[in-house]
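Next up, some structures in structure tokens.
Each of the two complexes below includes subunit A, the first together with subunit B, the second together with subunit C.
Right after this comes the complex of A and B.
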């Protein structure tokens, strides 16, 4: 018992500076989508409307946080050689839960989001965070890291979806916001619009941060 | 003729990258040089050609609603569709591991040059995506999933080589600093997607 109290004294605050860093870092400087180039497939595919995008962000958040937690709890028990299969197994089980819940309660959205929910399994953000963080850190830190990364992912895809829905359909969350005379840009509802919007978003973000990629 | 039609359709019209955004992570990360892009593209094509039919067989004979009827009439109502995700990814992950071990034993030189890309393939969403897209298409013979897997892989290969070639030439152009690298690559991909949209509506 005495050692336990000593450990409690040594432990850091619930939201110490380092832990705040774990959450805020992926929002901007180390953003999973625009800086680390992870999870692009779903970022582009589900962003034609705001509603499916929001559902997708919440699903990814659920999967990242819980898989980070589980892997972090198991990290000392997983043999190095088969870790990828173990990680994929846990992620796939969590994704099955998400898929079944969506089918049960949000059937319309789940039809739009379609196979991209299944593709959360191969979303590089999930695998990347497991490999890079959860395999070597304590459970609580891993949860925070999961939240940080998925917020970083969420704001980027929500911004992309905002512009695509506004310019492509003149609506937001299916409410008409633009006047009827507004010329709808059909390109924005197609894949091409997503590529160009995300390219411009990266341009703006890097210009603001003063980051230039080395050749 | 139907098979050729299917092949052309999955290479150009339903291109994995430009129509479905699948496999973007490695597409963006490994497209700086044509030679490495070629290596990864071929490996992806190879894995796709084999995993899509394997997953098709598993889905057809084990997972689909009523698929277990061949065991006995009492299994005719079993529906294991919810296990699709985990079965497909298990096949892909173990297959990639197997390929890695075989290549390591048979040809160490090839292993050296492909090395890091091989495990990456397991988390390339175009592989899992092709298996998911194959399900609602209801193929009846094993030849169709083989053609579908192969030509999807060729479509991916075509896209990554084209992008790598453009990026090699991009070195000589004057791109604004913050747009360099990732930003301009996205915009190029968008323009390439625009070009590929012209294939839409073609039917053979």
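Right after this comes the complex of A and C.
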């Protein structure tokens, strides 16, 4: 069982320095998308407009936070030998619930993101956090970790979607912001555009943080 | 810590029961709401084929109820008694029936301001390159001129075949004719894009999406063929009424 953090003292503050670190680390230094390069498939697929991207971010957040919480609560009861199946079962159930709720209340958005919501099950961020964190930490810390990781994922895909929608369609959240004369970049509406922007983001962030991949 | 096999099996069984129950409960309790959304979306698509669009789905739904009369016909052009909700009639299932005479074909008649039928809308269904495609073809009261079309798809290539769902492609069908006298010509999409002098029975193609276009052409022509008898009958009655 992996343990990323040290044993917690009894009287730790609700938002101690260590706990703040759990949330802020994945936003920058340990970003799941730009540093760990996880969850790229959905980052490429759903980011052509801001609205579906936002829905996707919230869905991922819901799944990561709740699966982290549930796994962390059950971490001492889950049999080691079938833990991956248990994790998958819980993640898959949460994803199906999200998908059903979207179909019922946000039908138009679910038509766009539908396939990719189902693919949250295979989003490496989710399973990664469960294995690396929730299996070895207390529930409250696991919730914070879930929020941290999903915010880290969310801001990256929202930035990508911002540029893709602005340059590709001249709109933001479907409101036209660019003048009609603005030459739309068709490339940005296809996944190729997402590759380019994610590539640039990864470059900028690694350059700024001086991150070098381990040999 | 190594648990016994009995504990592992018990844990797995308990998890399955709890998660299964939770999921069935979610699915059952959200189902009415989802079906309502699907119906609203169908109405929205049907209205879009005659150029009525909007964001407010409830408004569109009311307009639909007020203006559109749905009937079910068969391939011989006779009206069929259909007690259920025509909107929920599964076009895909009807298309897969081997015997053309058994197929139930919905027709949506849109009433104009003068109370007469101003356009007819026919659902269509077929296969593109990768997966299903479907849509609605709306004809003017003369049952020859295309008033508008909407197409949608499940998994055509984005940027290529998926363009059938875009207004840019659908607008090309407006004003085209499906028949030359009584010869059914369909509206056929040409190969390649930027064709000059496209006649009344063809529309310009989509570059790089010939296979999707082939499926689309097949779909449109197949259905115009199926509805042919109905069209000639409907036209006949309209002539009598006038």
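Criterion: the second predicted complex is superposed on the first by the 203 of 215 C-alpha atoms of A that agree within 3 Å, B and C clash if a C-alpha of one lies under 4 Å from a C-alpha of the other, contacts with A are read in each partner's own complex, and residues count from 1 in each chain.
To be clear about the criterion, contacts are C-beta pairs under 8 Å (C-beta built on N, C-alpha and C of every residue); 3 or more make two chains touch, one makes a residue touch a chain.
Everything numeric here is computed off the predicted structure, so don't read it as measured data.
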Which of subunit B and subunit C A:190 touches, first, second, both or neither: both
Once the structures are superposed on A, label A:130 by its partner contacts, choosing first (subunit B), second (subunit C), both or neither. neither
I want to verify the contact counts: of subunit B and subunit C, which reaches more residues of subunit A? B
Figure out whether A:79 sits in contact with subunit B (first) or subunit C (second), or with both, or with neither. second
Between subunit B and subunit C, whom does A:160 touch in the aligned arrangement: first, second, both, or neither? neither
If we overlay the two complexes on their shared chain A, which of subunit B and subunit C does A:93 touch? Say first, second, both or neither. both
Could you look at A:198 and tell me whether it touches subunit B, subunit C, both or neither (first, second, both, neither)? first
In the superposed arrangement, does A:105 touch subunit B (first), subunit C (second), both or neither? second
Output the subunit A positions appearing in both contact lists, the one against subunit B and the one against subunit C. 85, 89, 93, 96, 100, 190-191
Subunit C contacts subunit A in the complex at 1-3, 7-8, 11-12, 15-16, 19, 22-23, 26-27, 30, 33-34, 37-38, 40-41, 158-159
Which residues of subunit A touch subunit C in their complex? 77-82, 85-86, 89-90, 93, 96-97, 100-101, 103-105, 107-108, 111, 189-191
Under the touch definition given earlier, write down the residues of subunit B that touch subunit A in their complex. 18-25, 28-29, 82-86, 89-90, 93-94, 97, 119, 122-125, 127-129, 132-133, 171, 176-187, 189-191, 193-194, 197
Using the touch rule from the top, collect the residues of subunit A that touch subunit B in their complex. 34, 37-42, 44-45, 84-85, 88-89, 92-93, 95-96, 99-100, 115, 118-119, 121-124, 127, 190-196, 198-200, 202-204, 206-207, 210-213, 215
